[in-house]
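Okay, so subunit A shows up in both of these, paired with subunit B first and subunit C after.
== the complex of A and B ==
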């Protein structure tokens, strides 16, 4: 074969997906295993995403060994297995919004901001409309991000790594944390408090030393607090406690518990889409940019997307429109577009450098390495005239992403609407079931009762934070990024030969640090009225 | 430890046949809890889970894998202490856990566990991207002497000490960056955050494709993929790293159970065409099986020898 151009590679990739081993034939048309696996993955993803406490990571961790033992280690196995994992990844970001909107408890941490407007809409009888908006925004964001991935993967990640050395990465993490603390926490002081608590919690029992720090000699603390227990505890269990208290007040006052019914028009009209499109666009850009940076993640993207959307909405909204936090469709759109657009862009550092941007991407790399045939790294994107089989696989992977997106637009939407019937179940039956499901999934992941107790403990903390108007989100982002912050800072310090001022020596790092200080300073100076 | 490992590999076939009978006679009194001292999803974790899967298939045992990570495997060692000694609790660690890590943390003696069997060795090498242009560790040392700051990625305390001593013996200062897991070193090299780093075998594919170069063997013998790479002794360093993956049981584990599990594990990792064997061969250069008294003395020697490295690195 001579002179293989880009188009030839794209075509070979598409063929690799559709002409792979056949699963069954439909009306004489062979349906390839890869397509079937993407579909299964997507459906599983939506279901685990919609189950509070479960997420794409646990689903991938459980399914990967099973898939490898079913498909084996040959090169035919690669696209079906990766396709399944991509389906799970994409499905779960869509599904996470379902319980957020219906029951005020996020299915995945990155859907927390969706509760702020989704649940008020559901209470106003617009649950199905909220689901439609969330689905539309989520899939739009995801599609946008995939397009960026497909067009830019070969050079974007290399560009990012060329400019961000270890000190700059440390400074960027500090900037992210201070931004979240200052902007999201209602007030900067409460945000900093929440973020600081998150950092304190994640530093228990971790670190480089053989001695478990901050553990006070307690064996339960010496392994550190399991991340799922802390995050699910504070976001999901805290929210359940808060909801239960609300129901209790309601039944004492009114003698019965209200059941929300869908009222009026539930359809998504062109006018609605025009209203939310600017928010989707901005959030998709934010999510994609954050996804391209390794290791920051979708919760941060959702938060920044929401915060930026809120600022625009406050300026532009008509008087009678609901504000962010009171059931604005724009709020759902801003959050869901941002968190979903992380997943495609996250694959940019994965494919071009072999560096995972989040835990889900770790499993994609692991699958590729266990099976063989794709070695994520700079070699993948060599457009050689002699056929480069890895590049064919890469384009095959892009094809599975497009298939997953098409399925998400169609099957995903239908599944979400179908899950919408759950809203008719009275909450005083449903919340205990959700609580039980959450605790069970915590136990399944950690296989230790301590995880359940941690979950309860952080649930109480989350409840009191909600009661005192402190957003739990800076806590979660502090907890999630804390370990990375410490490791990167430590590495940057060693890499610069033990320079104590490593954060200020390079211009990019210095700008990030200055911005971090400025964000906190200015949000303290803002008059109280501007901070609802 | 090298010699003993080689001996074991050579005597392997015979051992398998003679011990295969044990595995058939012994049945665990309940499900076996398999603690894995490595992060979920890494190469070591995959290895442990594939072994578990094949043990279940071959012997009908029920095995429950569980992550007990942290502190270089010492958390798993501590967790073993309270477990039943009848073969229903085992843990996958590395020999370094019972050697350097235990010695430097002053966390007990190798006899605090019962060594069962090793599964695979490592192909520990000093690695860099091919694009750096270096051919051997000597080129790196020259560059450092010429004033270039060299960042050296390591994934364990023992390798950190080794990196320090390589620098010390050659009159240069490396900026040693310690990260979690061998994959993180590879990521650091690819991202340009590090210049050189240790790889235990995870570098194999990149070396084969020409993206990475093995600059020196950190073992006492030549590397499989780069037989011409120099040894550390060529640079005046008298220490090596020959960590192997191993299973261990609680202290005073029942001898019958231990031998049966050891024999079953040996069968699985040596079974050509099996998934565990295929994985070990690809990632870690092939199975290395050592058990019984040989393994005990190898582990004890590792522990005793690590004091010298700790001492040398603190000077």
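== the complex of A and C ==
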């Protein structure tokens, strides 16, 4: 057997994408299923991003069971399914700007700042130009972020494998949980509460004893709560209830959607690009740095990117140029580059540490766990001389991201400009349909009515959490990581001969634990206003 | 008497829940303690992880009592009416979805539902009745009036979901047919 080096693995990853099972041939050239799935995912992502009330999370929740039914539970299914989900993730980041610019309605929460300059531009007859600026900035930020991911994730994983043993890994998981709990949402206390409830939920019906703990003797609880039911219930169904209530409170009269006719030059010239490039660069850096930290969302990146861009624009703008908030192309560029550059960097903690940083990453982990053959974490990046199939998949995943970006650069912009019509779908018709679709997809995946009841119940819990100002994300991350945290702690405890202070014996583990306490303490001392 | 703020009430609730779960539910409903001795070695018992989770909730409750300057968010009467209605609609619809098919089969079919669950039209009865009820009633509640449009949307959406999941795949069963 030939020894494999880094370049061999990269090449094997590329081949796994392009030489996988063939979907069809184009002019004699075989097109692989993975490439087709990335394309479909991207198109779906742009469509759901452009539809207010929908989003990448709903699209992923509904498509996952269909994808698993189509591709089955084998390692050949990994790249098409994960490629599709990555397509959805990337498509939705550009799609969210469409209704924000055309109708002053952000398609996704992180596109809110885009409305501030995009809509005034559209009203001034520059809608298509605003869409072009948004597309260019968004895809630039995303591409930058992917490059950072591809360069950083393997190194971080190698460092983790080299220096962290079981106690340190346990301490790192605790640090990640407390960091997410402390920084997501408006208060550290509510974040901790959310995280604690997620951990409790995942421990029901599991454990190592013969009797499934905390199951109250009920058969439905003794197999544990299905992860899809908890995640989809809290994130998707809770959000549907919350949004539907907003519509109930409104007059529910959609109102006439005002459409302004485009006037003048709508193209994006080199001069325009030169003008917005400094804003894209800064925002891409901000978004990537924020995205690399688990739990901090693209909404915060967009806000900081916009604020930083505004300061620069106020200093440098000519008198006749519009200010931020009055139709400045730089405002759109600063926002879109920042929120899009979060998506790639968000995968750094997933791929290198196995710690999901956002909801899209949770679905990638769900897909990998359901199908099998890939356990995201530091072990993936073992550059062994004998072929490590997980590493090939990881480089295949990077290849799908590059394909999605290329597609976004080429066809994404044109699609964005066609999709303005989606904003006219009344949300109070759409959301109940999406609810039934989500519950059906849950059933299809779990084949048990108990999963549907769990999903619905967690949806109600998700609604109440939102009403109390508690972010559901720490709950979900706690649920996803809880099992691994317990298993690693058990192994570390046994390996240290039952030492009760195993988390404080090694300096690295002790630093992680101290940091976990410190991050909660400092976050508690300085409460934040926004709830992403 | 001074009125409790929502954060204080939530904090007290968290502390109460954490203590009850940690000292009542976990000990009564788990086989092993925090740490167990097995074959001369100490191992972590099944109680430890959920107890630590409740530690998180307890700390959250204490911090909520101390936290200042937070917005006082909690569900108001309107919110409770809305979510109560949604819960009611959801429960009725899911019960219809689960039991309509077996109920109608018991009345009109010669075989039991379990044997008919992959045969049209029986396999669609529960999903169509439950699904249409869910969508139609939710739209009606939000619009505060029933409409033919809402009914048509519900019917078309249910038909669309059947086309999406049931028609193309032989191995997928619509709810509740996989586990009746």
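Rule of thumb we're sticking to: the second predicted complex is superposed on the first by the 313 of 532 C-alpha atoms of A that agree within 3 Å, B and C clash if a C-alpha of one lies under 4 Å from a C-alpha of the other, contacts with A are read in each partner's own complex, and residues count from 1 in each chain.
Here is the rule we use: a residue touches a chain if its C-beta (ideal position, glycine included) is under 8 Å from a C-beta of that chain, and two chains touch if they have at least 3 such contacts.
Everything numeric in this text was worked out from a predicted model, so none of it was measured.
When both complexes are overlaid on chain A, the residue A:165 reaches subunit B alone and has no touch with subunit C. Contacts of A:245 after superposition on the shared chain: subunit C is touched, whereas subunit B is not.
Of the two partner chains, subunit B is the only one touched by A:375; subunit C is not. In the superposition on chain A, A:447 makes contact with both subunit B and subunit C.
In the superposition on chain A, contact of A:494 is made with both subunit B and subunit C. In the superposition on chain A, A:199 makes contact with subunit C only, not with subunit B. By the touch criterion defined above, A:208 reaches both subunit B and subunit C. Legend: residue contacts after superposition of the two complexes on their common chain; A:22 is shown touching neither subunit B nor subunit C.
With both complexes superposed, C is the one of subunit B and subunit C in contact with more subunit A residues.
Judged by the touch definition given at the top, the superposed model places A:265 against neither subunit B nor subunit C.
When the two complexes are superposed on chain A, the residues of subunit A that touch both subunit B and subunit C are 65, 69, 208, 210-211, 447, 490, 494, 497-498. Per the touch definition, subunit A reaches subunit C in the complex via residues 65-66, 69-70, 181, 186-193, 195-197, 199-200, 203, 207-211, 213-216, 241, 244-245, 247-249, 252, 428-429, 431-433, 435-437, 439-441, 443-444, 447-449, 452-453, 456, 460, 463-464, 467-469, 478, 482, 485-486, 489-490, 493-494, 497-498, 500, 520, 524, 527, 529. Interface of subunit C with subunit A (complex): residues 6, 10-11, 14, 18, 21, 25-26, 29-32, 35, 41-44, 46-50, 52-57, 59-61, 63-64, 66-71, 73-75, 78-79, 82-83, 86-87, 90-91, 94, 98, 127, 131, 134-135, 138-139, 141-144, 150, 153-154, 157-158, 161, 164-165, 169, 171-176, 178-179.
Within the complex formed with subunit B, the subunit A residues making contact are 61, 64-65, 68-69, 72-73, 161-162, 165-166, 205, 208, 210-212, 222-224, 294, 353-355, 362-363, 366, 369-370, 372, 375, 377-379, 447, 487, 490-491, 494-498. Chain contact summary for the complex, subunit B toward subunit A: residues 40-43, 46, 49-50, 53, 64, 66, 68-72, 74-75, 101, 104-105, 107, 149, 151, 173, 175-180, 186-188, 190-194, 205-206, 209, 211, 275, 278-279, 282.
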